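There are two complexes below, and they share chain A, which is joined by chain B in the first and by chain C in the second.
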Partner chain A sequence: MNGLRLAWSYLRIGILNEFQYRANLYIQILQTFIALAVGLIGLQLVFDQTTQLGGWSRTELLAVMGVYILMGGVIRAAIQPNMERLMDDIRNGTLDFALTKPADAQLLVSVREFRLWQTVDVLTGAIVIGVALAQLGWSLSALSALGFLSALVMGAALTYCFWLMITTTAFWFIRVNDIANLFEGLYAAGRWPVDIYPLWLRTGLTFLVPVAFAVTIPASALTGRLTFLTWLGALGLTVLFLVVSRLFWRRGLKNYSGASA
Partner chain B sequence: MSLAVNVSSLTKHYQVPEREAGLKAAAQGLFKRRYRTVKAVDDISFQIPTGEVVGFLGPNGAGKTTTLKMLSGLLHPTGGSASVLDFEPFRRSHDFLRQITLVMGNRNQLSWDLPALDSFDLQRAIYGLHADEFKKTRDEFIEILEVGSLVKQPVRNLSLGERMKMEIIGALLHKPKVLFLDEPTIGLDVTMQKRIRTFVAEYNQRYGATVLLTSHYMADVEALCKRVVVIHHGKILFDGNLSALVERFSAFKTVAFTLTDSASDLTPFGEVAARDGSRVTLRVPKEKASEVTSRLLTSLQVEDLTVEALPIEDVIASVFAIPKEAA
Partner chain C sequence: MKRYFDYYRAQMKIAVLQEFQYPIAQYFYMIGMIAEPVIYMVVWSAVAVQQGGAVGGYTPGGFAAYYIVWTLVRNMNIVFTPYGWEWRIREGRLSMELLRPIHPLHGDVAYFAGWKFVVIALWIPLAIFLSLIFKPDLHPTLLEGVAFFFAIWLAYLIRTMTLSLLGMITFWTTRVSAIFELYFAAELVLSGRLVPLTLMPQWVQDLAWFFPFRWAFGFPIETLAGNLTTSQLLGGLGMQAAWIVIGIVATNLLWRVGIKKFSAVGG
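Moving on, here comes the complex of A and B:
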């Protein structure tokens, strides 16, 4: 397929680009290490006081942390850099180059950047998940594993849609650069399963910013909490978000070219 | 002859927010915005036959870039119609985009940190070019522009002119049939401008491509375009041969000569535009040029007399100085 080949070409360029900045790898490893240490200490502090948190045991929360780190890596490697470049392009007028190419514009702006070294987080997250699973006695069924993987993909897709819609508002407001910080702040809440938060915050973290789908639901699949109904709901919401964000993107693009004026 | 570009009554209006200076007005603007309609392009029509190179001239803000953007599918016209290669540009069909290119001299699209060769590969993927054909075209362009040793260096290490050469190669790898070049030589030194110019001319010759070029450097236009379209305040002021433009808008000619008797009074002959020792340049109304010349020759001791049209820059400058109401 053409789209896949295009994505692969950009991925290749992104990787080549990252090799120019070797120092970033070491900085990233250091950052990941610090974040992991802070996370583990936090977990330790909580479980010095109690044996469970909102129905989650210590080992299960380790799995949540693993998913949190992994998904954070995916977002910072593939989603956030593309959306930040899109914001810059809209502001500087360089989006014109992307729009004069014979390729789907949304696809193009979504695959242009890739931060290879952020995948250190993906790897670390996977290891933490592995450790948690080992402590849980490898009791994961094939169905749960499938549920986990599909929930991860859906979580990433929902997060992408969220970013795309926010970034698309740049077509109207031009300056939306602070959303990266806003997202980082809210995503940090995903370190813990969203069911420990009060209802209003839980609702916000589920439907406004899809932290619940990005972290809690995949982690639920790992720990045998995910029901088929929730999974189906997540699937439905993912499809809905994909469609809505595409429509929103097209609307923004129309505004950019002055077709709606 | 078939038409590559056909523009008829093309119009683009922008709504721009407007407010008085100051904090109070800015605060009011938060709630109620006043808009003003700016006619960036106001009912223009022109045709370009396949294979022609046309210079698109106008001062800053005349509507050149807006027109190029409408023709390349980036902007939706407010009114009128445009067709490029029989496509409606704003539909941005892939078949259309595959056959055009847009080069903007003040913006670049190559990856800053990578050698241009890597960015060229990306173009191949975007346009779905066949590997052998792509290589042949790429190497051919690299050879013509003599950048063989530069394509392997990160783009950020190249000079402005070298970078522009790479940009142009990248923009032409898919061998587009229509080229929209917006100030492709801006900021480049004279030699580099000439290189780019020659390359564009060669590309046009070799592939029979149609070129619409904007530039502030008249040398570009003189070298590449027989025909120019002058746009000012969103309207077309002139469309025709470059020499006809000079003929029509230049009311003056210059008469240059060397005086052997430097004390002579020259005021009866015309306005002295320059005087450097015994070398004098007079500016005289076009219709009086021959009369002034003969009077000069009979009444003064002069050598090396030449009569010339005003430099094209001066003509263009006088056209651009026409106020909006007169345009």
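Moving on, here comes the complex of A and C:
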């Protein structure tokens, strides 16, 4: 309960902070627009040559792109900025300031930053999903909608665990800033459903980097492909990752050697 | 001349030593970068297979060749970024470099050229790995190999110039990230980075002639992975040289006008 209050306070501070820089909103809108345009161009180029890709139609791939944009917005608004700050703190020794506070350290380092303007991507993603659903004739059952929403939450949680674990390696490797680059590169694979990739890559995108869970599985729910068994597997994996990442974080924290910054 | 030579050698050595310090970080960077062409390769190979083996003249093996060479060209394309220029100008870091008796651009060119040796050394195992998996259809002749060697270094110089020009806009305004984003989007589409230009609609291919992008990206790839005739190879290298001359003139001009606007003290 206390944790929630803490997260809420940080969220409010983050929002107030962003309101100081309102011009950034317009830049964000432009960036989102450019990313959307490039995505649509890519889709158009592929479907100039073919009518379906790995069993997915053009409209269904539009839904995948919508989820991709939406989840990307969630990551860049709430997950990535926190983890990047954590990396800097570990390297510079300023993590002391978080560790000495009377709250759970993992919770604290995970909620300190919030980039409000990135939620433009969340909105845009939702609109793209809406357009795709309209083109599919709104054939979404209540159960599918529920599956979609729960898959989104699990996907975000898994992505958070992935980021936390990679960031935690900074306790040993010190300079891991290029991780953002690594993640962005691999996350871009989510623009397409993971079943088009060769097996080794699909496995990596499912269990090493949870792109499949972040994008493909929610999109599968939207297009009526998600089976109950897959959903259950996703749930199990989410719980497992939450536990493992916490243990790993604790292990890493023991290795922290910053002494008063 | 000797002075420049020594400076370049020293700067390149520093780059190699600095960048080799954190090989893990380098690999994070590389894997993130290599994901992009692998995605394109897989998507387009799937399309080619569905269309009966080839699309726009490319077979899956052809796409593999294109996108594996892509990874090397992309590495050669890494230069001092316009965001670096923005930082350098906004924070006044440029003041320090202005004190040196050599143009700051030389420092950039030399440092990133040195870094290339690290990048290429780390790239080789990844290229072998990708080749084993995707089986590229790549049979370069000796002439193509030689042309490729020159093409990638010329591409490096072209991109250094264009991105420096872009970065120098910061002399006039500090709200530059929107301009940068637009530029990178145009580059992505018109350079052959997203797909080989021959897969683009004809009007996009025509449009690409008016920009330097393809000479820094698509052309070097095609020297090795495409079937260019000797005259096309030489013509392309000539176009690269021409863009470099334009680039040098433009950077010098913009630098001279821009530096008068630079007002940071200290740094």
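Everything below uses one rule, namely that the second predicted complex is superposed on the first by the 256 of 261 C-alpha atoms of A that agree within 3 Å, B and C clash if a C-alpha of one lies under 4 Å from a C-alpha of the other, contacts with A are read in each partner's own complex, and residues count from 1 in each chain.
Please note the rule applied: a contact is a pair of C-beta atoms (placed from the backbone, for glycine too) under 8 Å apart; a residue touches a chain by one contact, two chains touch by 3 or more.
On a predicted model such as this, the values are computed, not experimentally measured, just so you know.
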Combined model on chain A where chain B meets chain C, clash or fit: fit
Chain B versus chain C as contact partner of A:192, first or second or both or neither: second
Angle, in degrees and to the nearest 10, that opens at chain A between the C-alpha centres of chain B and chain C: 90
Which superposed partner A:93 touches (first chain B, second chain C, both, neither): first
Per-residue contact with chain A, leading partner among chain C and chain B: C
First, second, both or neither for A:203, with chain B first and chain C second: neither
Which superposed partner A:42 touches (first chain B, second chain C, both, neither): second
Touching partner for A:227 - first (chain B), second (chain C), both, neither: neither
Which of chain B and chain C A:30 touches, first, second, both or neither: second
Minimum distance between Cα atoms of chain B and chain C in the superposition (Å): 9
Residues of chain A contacting chain B in one complex and chain C in the other: none
Residues of chain A defined as touching chain B within the complex: 2, 5-6, 8-10, 12-13, 16-17, 20-21, 92-94, 96-97, 99-103, 108, 254, 257-259, 261
Complex interface listing, chain A residues touching chain C: 23, 26-27, 30-31, 34, 37-38, 41-42, 45-46, 48-50, 52-54, 173, 175-179, 181-186, 188-189, 191-192, 196-198, 200-201
Partner chain A, residues of chain B touching it in the complex: 12-15, 69, 72-76, 78, 90, 92, 94-98, 100-102, 104, 107, 109, 111, 113-114, 118-119, 121-122, 124-128, 154
Footprint of chain A on chain C - complex, ascending: 22, 24-26, 28-29, 31-36, 38-39, 42-44, 46-47, 50-51, 55-56, 133, 175, 177-178, 181-182, 185, 188-189, 194-195, 199-201
